[in-house]
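Next, two complexes with subunit A in common: one pairs it with subunit B, the other with subunit C.
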Partner chain A sequence: MEIRPILSTVLRNPVGLILIGLQVALTLAIVVNALYIIDERLANLRIEAGVDEEHILTLNSAGFASDFETTLATIHRDLDYLRKRPGVVSAMATNTLPLTQSGWSTEVEAQEALDGRSIDTAIYFADETLVETLGLDLIAGRAFREAEVEPYSMDQELRSTAVIVSAAAALALYPEIDRPEQALGRLVWNGAENDRFSAEIVGIVDGVKAPWKGLSSDIFDHVVYVPKVPVIANFGIYAVRSEPGAFADLLQNIQPELAELDTQRVVMEPNAFPEIRERFLRGDRAMAGMLITVVVLLLLVNILGIVGLVSFWVTQRTRQIGTRRALGATRGNILAYFLVENALISAMGVAVGIVAALALNNWLVSAFGVDRLPWAFLVGGAAGLLVLGIAAACVPALRAAAIPPAIATRSV
Partner chain B sequence: MLTMNNLSKVYRTHLVETHALREFSIHVEEGEFVAVTGPSGSGKTTFMNIAGLLEEHTGGSYELDGIEVSGLSDRRRSAIRNEKLGFIFQGFNLIPDLNLFDNVDVPLRYRGFNASERRRRIESALEQVGLASRRRHFPAELSGGQQQRVAIARALAGEPRILLADEPTGNLDSAMARAVMEILEGINAAGTTIIMVTHDPELAARARRNVHIIDGQVTDLSSSFAGTPVGAAVASA
Partner chain C sequence: MTRYYLWLAARSLRSSPWLSGLMVIAIALGIGAFMTCYAIFHAMAGNPIPHKSDALHAVRLDNWSADQPWEEPNVPPSQMTYRDARFLAEAGRARYQTAMFRIGVAVQPDNPDIKPLFSVGRLTYSDFFPMFEPPFLYGGPWTREQDAARSPVIVLSRELNEQVFGGEDSVGRKLRLDGEEYTVVGVLDTFDPLPRYYDVINASAFGDADEYYLPFTLNDHLQKRPMGNNSCWKNPPEDTYQGYLDSECVWVATWVQLDSRAEREAYQDFLDNYVREQKTLGRFERPLNNRLDDVMSWLEAQRVVADDAHIQLGLSFAFLVVCLLNTVGLMLAKFLRRSGEVGVRRALGASRAQVFCQYLAESGLLGVGGAVAGVGLAWLGLAVVRKVSPDMAVLTQLDAGLLLFALLVSVLAALLAGLYPAWRACRVAPATQLKTQ
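Entry: the complex of A and B
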């Protein structure tokens, strides 16, 4: 292999080296970081909400009578209807569901004192049917009892005797425990400084998600259910879980049926949970899609750049190639010459690119809180780009190998 | 050493057929110095290219150093060029980005010699053409005559059986041309067969044997001096 003479030729013509080397370096730096972000976003797409996603829908209704008692009565009548309706497993009134991007959050404490030790958590309203209605994974304790569930209006405190918390919230609240079940029976505190109140943890559910991702906190996994039926001004939100096979029918018919029960209000189109999830993932999908486009374009530019420059070199060196053939080079020798030359240039570009990729990642880490680039991405990206470069160089290199030896005497 | 019998070469494009060589027969003995002359377009380069396995002939037979070359694979032809043949071109054909040492090294690398063998051959070949001290220079730093001497060194380093030179002095002034000719004569004296195309009657006269090509045929065979023991060429009927 004629590596040394090729290397000295490359170094004598630094323009090509700089052009392709820089292009490879920049491509590597950007592509590796973009791929890493894409990978994270695609991982988000596999998020599970912790509920029976395929069979849950929500219904919003507005236009209730404005007094509390009538509204509560309407909610009970609607729930009675929903629970008896064929195809419905269970239904309850709530405020919001995981991944909806809107809901309530608060800080709760493991102790009465407000000394800064607290966690951010999402607050969900639920009744005794919580576990069946959402299909939650209750890993310890019990569901709410009917007697614990109270109506709730906006002007009240969140006081209750019992709460059900997510396993992640339990572990975050009590750093001293190592299994979430150990939080059973403990107290969760809430309320203003001079008006503290607590509730006992009666159940632990696993895997359920908050309505949104916190930017800096871990709120996404922190959930506290309170046994309340929300009576919020004049609208209500129901979560309904269907039997397998009945989902499409419910989605289509439940709205007119409920509307018919009471013509004095408006029942909105139901939201299927898969759509809620889809909306939640839209940003991640868009970001991943955009970055994939950028990566593909960059790689394409890189390929075209290499094909272009190597083609130029082949044309420029036509007579030299013929001469080499006359002096005894086989077609394989000529092919190898251009592939080795390109590999050397790409390798130098990749070396610079690794440094640039780390620098870019450093900046992304400090500016956007992106995670640190794992070595596997860097090594994989570098190897991938080398292989791509050699593959791209193959096209003009094969053309070079086909140049006939007679060119040595026929061209001037 | 080299025998062509009734050889023909036809170039076909979709418009025209050019019969560059017709009923072309020639025999060159080992150790001969053959000067090939003829008008422009008569087929001299075509003959040299076929003789040097740079192109394939379209008819007849061609035997080189005991090997019938018709139908040999490209790989095999490359190997024969590398081992048995040396080329000197009108335009020198040095590789501009390689220094003299690396230029002479090119065919030796294809030969697969190890580094010390290559170094030995390169140094002795450059010595022979008087350019050993310039081995780190690049072609552009040399005069035309010097460049052609490097090309001769490159052709010599592989110790070829035949040296093929197509107008080696065509781009040189007469002083440089004579210097190159002297080197070629020295090489021939040491036993290497040489076939040289030239337009220069003075140089042609210095060769042991003259072959004249007109219109793709060997029409005139003359020896510069009669009674040469190796001038037994076969003319076409």
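Entry: the complex of A and C
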């Protein structure tokens, strides 16, 4: 099959080339970039918080009186009740949980000097039941000891002598170690320039996440637990882990039970962890859903466009096709003609599309901090679109091939 | 004449329902996707207080560490220290000014049938009300004198008034919060500026309103910590609540109303002078970097329109363009298929312009069809967004303005798509057509 005559036909009447070519180019640019963003967001949806997600809920209490002693007493009474309640595996007072989008963060250093290695990390409060209450994966060291745990008021500076850190935080803090377990016993430094203090790493937990994702820093995997019971104004904030099967009952009844225990406060609606997770991922899910819809519709519109335009050409060229058939062209020749024509146009579109995709990606990178497009997406998208274009052209091309030679002798 | 063209167009569209349907669907898909994204973007990027958005200004002072800015490049903190905010609010150098932060309290209704509830509200100055103009249902704001006197007064939101007082006029009634009693002086009507520009730092810009407002000066004995963002670059001077108030931690928002350029410049000077004076006391280690942002530039600086919304809008617009390219192809096919008809019309005396107009009318009609179906799709799309993200519900409204915009975009797009095919149709040479017939 000669390509040159087909090419010259295409170039002599470039409207088809422009219409389909532009369509293919724009589609490639959008689809490739959208697929990359979709891939990223779908990966986000698989995030694990590193805690026993299915069985954890949080619960807040706000007292009418806000003095330190009353609030601390309330926290102890509530925890006593929660720990004894059937269906509860364990409970503790804390400040916040992973993925809640709200919490504390600070910078900690690997050494006493302020200008050495340091990382941003989330700070969580925990007591001796930490590992049990959250279902953490403790890969080295030990849990906090009861004697280490102290009440903490917001007016104090946060100082502790022991901490439990996430494996990722340990590796980031001490780049010289190969395995996070080796950070055990090392010191984490904090405090102002003239008032430095350190805490020993007594435990390493794996996979636990911070409350939020940093915009620029990788704080999401950096977690430091301090052995403190937070007494934040008049608040008690509890994390509760239920036995399998008891979760629904707990979620429904725990609030009125605690409210009855002490009427001089408000107990807020409990939050189930799956709900917290759902809220955290909502934006990613919406974005992925929206982009998937656009990609599917885009491909559909493209197929329709190619089928429509090639059909039009077939109708326009019916007589020529009849003539060619009468002069000895086989059905295969006619089919091939239209397929090659379409492939040529699509290929030119794809070539422009690759440039457009890179330009679009450039804009997304500079304006919104999206990652750079990997080549695999570009190549895969281009190949996919070419195949799709040829497949779409098959429908009208087969109809063209079926045109009988006798048509040449007839007038329209 | 136009009516005749429309009649011709309708007839022509009916005669090939399949192709016409395809074109309407292509336009509708493009318009539907674009309008879904545009409606959300439009709501996010809207001006919440058009008549005075130029006058209201968020104030920022740069008290951050000499070593590094709050945020690159040299961006001052979004909020202020308590001491600076309080000074500015009480200096009275602007027409109106307020410092504010959010707090949470336990509300204890007198009525034993109503359970105590936890409620989030705002400590602010009385100027909040004339500045941001929330509508009052009953009563009114407290006064500047009551600010100064630390009067235990409260303004309730409509919602809290309904929960606690059953929605009746509660002005003069008492309400107990965290064990202390306050007198209701006013009840607001629904107050939902979109976005909630006066506090986009501590809550979602599209989230719930504050449930009550209390005089800021009451904090002298309430000693509240903020329910919201708090950032420190160095430790408080001492481990007490007073130490926190005196610290370089930022957690209070400050807004002022400046009605003219001159007022604005004078206020900027006032701020700079204040900071220079503080520098002599060893504070404000960074170079002068005090900012006054009016409402729209504040919303932009705080990136209230989510990046995702920008990306979605851009991609959905590109999708619309692809749909239009598609429509161009389909129209070309449809119009040229009727070349014979054009030949007859031209031979009978129709001018090129008349044929051109006739086909453009057909495109316009397709645009209207696409708009109607597209708005339906956008409505569906927004309903899905509402279902997936209930917290975005306020952003998913299609009002009359948006409907008109959709119609305009759709018809314009269809006319644009019809230009080339109509031109091709009117260039048909009558003689050739008649001969081949």
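Everything below uses one rule, namely that the second predicted complex is superposed on the first by the 404 of 412 C-alpha atoms of A that agree within 3 Å, B and C clash if a C-alpha of one lies under 4 Å from a C-alpha of the other, contacts with A are read in each partner's own complex, and residues count from 1 in each chain.
The definition used in the following text is that a contact is a pair of C-beta atoms (placed from the backbone, for glycine too) under 8 Å apart; a residue touches a chain by one contact, two chains touch by 3 or more.
Every value quoted in this text rests on a predicted model; they were computed, and no experiment measured them.
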- [ ] Examine A:R285 and indicate which partner it touches, taking first as subunit B and second as subunit C; both and neither are also allowed.
- [x] second
Task: subunit C versus subunit B, contacts on subunit A by residue - done: C
TODO: Look at A:N13 in the shared chain and tell me whether it touches subunit B only, subunit C only, both, or neither; answer first, second, both or neither.
DONE: first
- [ ] For A:Q182, decide between first (touching subunit B), second (touching subunit C), both and neither.
- [x] neither
Task: Touching partner for A:G63 - first (subunit B), second (subunit C), both, neither - done: second
TODO: Applying the touch criterion given at the start, work out whether A:L304 contacts subunit B, subunit C, both or neither, answering first, second, both or neither.
DONE: second
Open item on the list: Tell me the contact category for A:P5 with respect to subunit B and subunit C: first, second, both or neither.
Closed with: first
Open item on the list: Touch test for A:N44: subunit B only (first), subunit C only (second), both, or neither?
Closed with: neither
- [ ] Please identify the positions on subunit A that touch both subunit B and subunit C, taking each partner from its own complex.
- [x] 412
TODO: Flag every residue of subunit A that touches subunit C in the complex, lowest number first.
DONE: 15-16, 19-20, 22-23, 26-27, 29-30, 33-34, 37, 60, 62-66, 154-157, 191-192, 195, 232-234, 259, 265-266, 268, 279, 282-283, 285-287, 289-291, 293-294, 297-298, 301-302, 304-305, 308-309, 311-312, 315-316, 364, 367-370, 411-412
Open item on the list: Quick check on the complex: what are the subunit A residues that touch subunit B?
Closed with: 2, 5, 8-9, 12-13, 319-320, 323-331, 333, 404-406, 408-410, 412
Task: Residues of subunit C defined as touching subunit A within the complex - done: 19, 22, 26, 29-30, 33, 36-37, 104-108, 115-118, 178-179, 224-225, 234-235, 239-241, 243-244, 306-308, 310-312, 315-316, 318-319, 321-323, 325-326, 328-330, 332-333, 336-337, 381, 384-385, 388-389, 391-392, 420, 436-437
Task: Of subunit B, residues touching subunit A in the complex - done: 45, 48-49, 52-55, 74-75, 78-79, 81-83, 87, 89-91, 93, 95-98, 102, 105-107, 109-111, 154, 158, 166
